[in-house]
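Okay, got some structures for you below.
Here come two complexes built around chain A, the first alongside chain B, the second alongside chain C.
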Partner chain A sequence: MAEMVKLFVNGQEVEVESGKNLIDAFEVIGIEIPHFCYHPALGSDGNCRMCLVGIEDGRPPLVPACKTPVSEGLKVQLDTEKIKKIQHDVMELELINHPIDCPVCDQAGECKLQDYYMSYDHQASRMRVPQVVKEKKMDLGCGVIHDQERCVLCARCVRFTRLITKTGELGIINRSDDARVALFPGRSLDNRYALNIVDLCPVGAMTSKDFRFKQRAWFLKRDKGICHGCSMGCNIFIDHNREKYKDDLIYRFRPRLNPEVNGYFICDEGRLGYHRENEGRLISARIGTEESSADQALQTARRRMEGADKLLILLSPNCSLEQMLAIQALAATTGATVSGFSDGSIKNGDADGYLIQDDKSANRAGLALLGVNTSPEFFESALQRTDTLVSFNNDLFITGPNQAWAKKLGEIQIIAISTHDTLFSRQAGIAIPTASYTEYAGSVINKDGILQTFGQAVCKNSAPLDMIRIAGLLGGTLTDPEALMQAMKRKIPAFAAIETDQIPEKGLKLSHNEAAHVTA
Partner chain B sequence: MEVKILSAKFDIKDAHTLKVAKEHGAYSGLDTLFAVAPVVIIDLVKNSGLRGRGGAGFPAGLKWSFLPKGLDKPVYLAVNSDESEPATFKDRYILTRDPHMLIEGIIICCYAIGCHTAYIYIRGEYTTQVKVLQKAIDEAYAAGYLGEDVAGKGFQLDVTVHRGAGAYICGEETALLESIEGRKGQPRSKPPFPAVSGLYGCPTIINNVQTIASLPFILQNGADAYKAYGTEKSPGTHLFGISGHVAKPGLYELPLGLPLLEVIDRVAGGVWRGRQLKAVIPGGSSTPVLTPEEAKTATLDYESMAAHKTMFGSGGIVVLDETVDVVKLVENLIDFYHHESCGQCTPCREGLGWMLKIVKQLLRGEGRMADIELLRELCDNIEMKTVCVLSAACTMPVRSYLDKFRHEFVAYAIDRPQETGLNLG
Partner chain C sequence: MSDRSQLIFAGKPFLYDQERDAEFERLVKRYPTRESMILPALWLTQEQEGWIPAEAIAYIADRIGTFASQVYEAATFYTMYYLHPMGRNHICICRTLSCYLRGKQEIVDFLRDEIGIKPGEVSNDGKFSLEEVECLGHCGTAPVVQVNGEFHEDMDVEKLKSLLTGLK
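Take a look at the complex of A and B:
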């Protein structure tokens, strides 16, 4: 717990955390100080002047809150006529050269100019002279589209490329009201985090080529999720919507703050990973090349598994802990060997030392925790012995068709429970669609041993079955949520002590021993 | 009325060369300087009452004493030679006619504050000045007045000339530091003040050319000799650049405290062509204007100007005769500050452009009375809401013109009250 200091806001004594600036400290206790340029990840710049607050008996009496640390006994004025007038005046000046094109602006609904206009300005325009004209729809690269006229010159984007990606593609050129954000000559945005600029931009000056004109922000349902694009487990918002007569579709992922995992940002690959949730999905079950109902496919699969010799079950490192447990129970019932072999999802050398990891799966640590063998040798020998392979969303052909196993795979029965219609699922004798990670709730452990839970966000019109349910229908005995919970508690001591709903928002850091402990 | 302290060598042929400058006493104070402790020099400057000649008039010795003690960081001196305030043309004389006076002043200051690296930040447009200055510095290095062992006294000092790229704002001390560091010239938020964290994050003193150039006289003649000129609170002499509608425009060194109108009449030859005086800008374009009535009681010192709700500024006096159209003057004024706004803070960046457009609209005969009120309100809304005082440098004088010459603005408004009887012809 941080040290607390007492100070006064509008004459009221409040207690806030020390070491923060006024904006951050007051936000915690529910007091808003409007600001454009300040961002906790980018520090205070002090250019927007929207956060000017009064300090009683202060020298100077007017200070930017972003640059003012909390201190004992400080008397901060936010509600004086003087401060209200400054906020009103700064808003007027922010808006005089703004195109006010909210009806065609993607930021509408989540725009600081709109919000602050309603809260702090709310007056008719007094501008009777022509506005400053600047460039519009500039393609800065990496899918970032810039509108200089909407820009409030807060320089968050510029500071992001200097402080976070350290690529420095952007600067502010020219002076006065001709100042504008621009690329350095001969450059374009070229980094793997560029789309964070769109989130950082407090107004509609930076929009995403991918998201532009697709949805109005107010139609989107915002659910919390965990990105399954790599083993970092970045926290995200899943923004989705079911339009009339259409399916529930995801329109974007946005970063969600978790100081223990991803901070304020996510990578662009992860952000755009939502496309894979919408597209290329396995829609209906297949037996051979014939479409079938899921029921029939499951019954056929179950019969084949019962008659199998040395059944091999292949787990995906993207499965949730709950799914892994349910499938392990299925393996126990059916006497199957379980492998977690998935070397194909590791892209060596892709990690960047920041958020992006080599391992493109979300729960490899979960496999290790549950004692699932992931070695290629173990898989190979099990494959050579078996006549039936059941894959739970593990795409053996993720890096292309595998020549080494082609003969063997051609000889055995393959049952692919798959989120996507892939080369591998098409080779399977039986293919059964299953829910993807935005469509079920579960837990995953990231590469640092942080256990994070997530809820179901998307609900498809014809929702494919969850892998836990499929495991049950194939003969597994562990499908009840309560029973799964108890099983998890047995496997994870840190988990045993607390209720599921008490898992902290930031995730539960497992001790080194727990994360590495093989209990199988 | 004129005196010759700073300008003593201005009219001597080739005084910018080391040889001639030395013949007339340049660098002769260095023996005295290095014979005493640095703190003695700081006290001397404090006693002399020398105030910063860049415009703000902050006591120089006091500024130096703000340097934190016992830091293991280097101390820097940045000599502000940006001289970008319109109507100001004093430092350029020092740079071209007596650069060794400035270099000697730098040696004195650096010894006093324990600085071994000094920068002279000079405006990019000063091409002749920078050549003369650099030549003088080269000569000083060659003669051993700068470098490893200044005047054989065991004091190391390097002086680097840094040319600006033509921005008014780089005369603001923290924008100047940003510019030296190679970034876009934009003022920094204060605190921290440069004396604590300035150039490259180190303690830095920034003084105007004329301030530093005043040091050799004070060192050689003592604080009392300096205080013999000027007033009690504004001691010493100042280089006044008198321009505008006077018979004899030019640079004049005068003791502080002289009556403004007397100086205009007796030094600068009075308002030209027998015309009437309309107004006086006392110290550069950013200082609020004085009416002839106000000018009658104003004297050329910091206190009198403050009492007249204006500023002493940079000593750039502009005399305006009766033919001046104040609205056009204000257009010109805002045009300059709008162009020079660094664009960092919202009020200044957006507001000055709006003000300019309002005045242009008025001049086109499309403005209304309400626009004049809006212009006046914008002055209040913009001023002092920003990181630096550039916006105030525009709004303070504009407000003074609006208040003191309101009728001239009204005359341009299409909905002006008819009974004003004004006719623009």
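Take a look at the complex of A and C:
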């Protein structure tokens, strides 16, 4: 717990954390100081002047709150007539050349200009001269669309490219009312985090090509999730909506602050990973070439598994810990060998030392924790001995069909429990659809040994079964949530050590011993 | 203000000549950070080329070790950096109060009628370019005209005429 300091806001004494600036410190206790340019990840720039506050100690009459650290006994004024006038004037300045095209603007509903207009301005425009005309719908590259007329020149996007991605594509050129955000002529945005600019932009100047005109912000339901795009385990918001007479669809992923994992940002690949949750899914179960109900397919699968001589179960490194435990229990009941082989999901050399990792699966550390063998040798020898292969969402053909196993895979029975309609699931004798990671709740361990949970976000009209349920229907004994929780606690002492059954919001860092075990 | 975002590519790579290269290296030692060299580096370019092509902005950014966007910002912010080719002889006429009152407009009109250029333009033969600027600090001897960086005070149409005939 950080040290606390006492200070006064509008004459009232409050206690806030030290070491922060006024904006951040007051936000925690529910006092808003309006601001455009300040962002905790980008530091205070002091260019927008919206956060000016008064301090009663002989300083200049007004100071920017973003550049003023809290200190003991500080007397801060937020509601004097002078401050209100300043806020009103800054808003009037920002709106002089703003097109006010909110009805067609994607930012509407989550726009600082809209919010602050209602809170701090609320006056008709006095401008009777033509507005300055600038460029609209500029394609900056990387799926970012820029509208110079909506821009308030807070320079968050410019600072993001200079301070975070260190690519520096953007700059604010010209001056006075002709100032605008622009790229150097002939160049475009070129970094793997560019779409964070869209989130950073406090107004509708930066919009995402992918999300533009798809959905109004206020229709979206925001659920917390964990990105399964790689082993970083970035925290995200899953923004989804079920339109009337339609299915529940995801419209975007947005980063969710977790200082222990991803900070304020996510990569573009992860952000656009939601498409895979909506598209290319395995819709209905299939036995041979015949479509069937999931029940029937599961019954047939169970009979084949019982009749199998040597059963091999293939686990995906994307499964949640709970699913892994349930499937391990299924393997114990059926006497199956379990492999977690999935080399295809590792892209060597793709990591960038920031958020993007080589390993494109979310829970490989979980496989290690549960002692599942992931070596190709083990898988290959098990494959040569087996006559029935059950894959739990592990796509063996993720990098294309493997010629080495083609003959063997042709000879054995394959039961594919799959979220997606893939080459592999199409080759399987039985294919059963299952819920994907936005459709179930679970826990995963990221590459740094941080255990994180996520809840169910999307609820499909014809919701495919979760893998835990499927494991139960195939003969597994460990499917009860409470029993799974206890099993997890037995495997993870750090989890057992905390009193509640809830893994903390920011994740649980596994102890050194466990981490060593994870990487073993 | 006007939009200066349109840069012109000269179509050939930019490099400092030997003299300016040495000057760059001499100046860069004066500053605590290399970014401080942006403005002097742009001046050196303008001295050498008469204007600042897009290639030069990218070159300066690489040479200083900063982003092209940052040099682009500075070059478009300051109107004394010319982002398109100017005439071989660049004429600046002060348009601030004293010069205005002492007849700068007659000089501007003369140039429009005789040479055919208005402020902000380059003559068709590329010989002259004209720019109206803010106070040049010679109010006591207004109107003042700057030709290729040199001050000429107490200017009138006759004096300007003889001044310009001597130029190439």
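The working rule: the second predicted complex is superposed on the first by the 512 of 520 C-alpha atoms of A that agree within 3 Å, B and C clash if a C-alpha of one lies under 4 Å from a C-alpha of the other, contacts with A are read in each partner's own complex, and residues count from 1 in each chain.
Keep this in mind: a contact is a pair of C-beta atoms (placed from the backbone, for glycine too) under 8 Å apart; a residue touches a chain by one contact, two chains touch by 3 or more.
Model, not experiment: these values are computed from the prediction.
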Contacts of A:A494 with chain B and chain C, given as first, second, both or neither: neither
First (chain B), second (chain C), both or neither touched by A:I172: both
Partner chain(s) touched by A:L249 [first = chain B, second = chain C, both, neither]: neither
Broader residue contact with chain A after superposition on the shared chain, chain B or chain C: B
Which superposed partner A:M485 touches (first chain B, second chain C, both, neither): neither
Partner chain in contact with A:A351 - chain B first, chain C second, else both or neither: neither
Partner chain(s) touched by A:L257 [first = chain B, second = chain C, both, neither]: neither
Touching partner for A:A182 - first (chain B), second (chain C), both, neither: second
Chain B versus chain C as contact partner of A:R162, first or second or both or neither: second
Common interface positions of chain A, toward chain B and toward chain C: 171-172, 174-178
Sites on chain A touched by chain B in the complex: 46-50, 52, 62, 64, 67, 85-86, 89-90, 92-94, 96-97, 126-130, 132, 152-153, 171-172, 174-179
Parts of chain A lying in touch with chain C, wherever the complex brings them together: 158, 161-162, 167-178, 180, 182-187
Chain B residues touching chain A - in the complex, by the definition given at the top: 167, 169, 184, 189, 338-347, 349-354, 357-358, 360-361, 371, 374, 381-382, 384-387
List of chain C residues in touch with chain A within their complex: 1-7, 9, 54, 57-58, 66-70, 72-73, 76-77
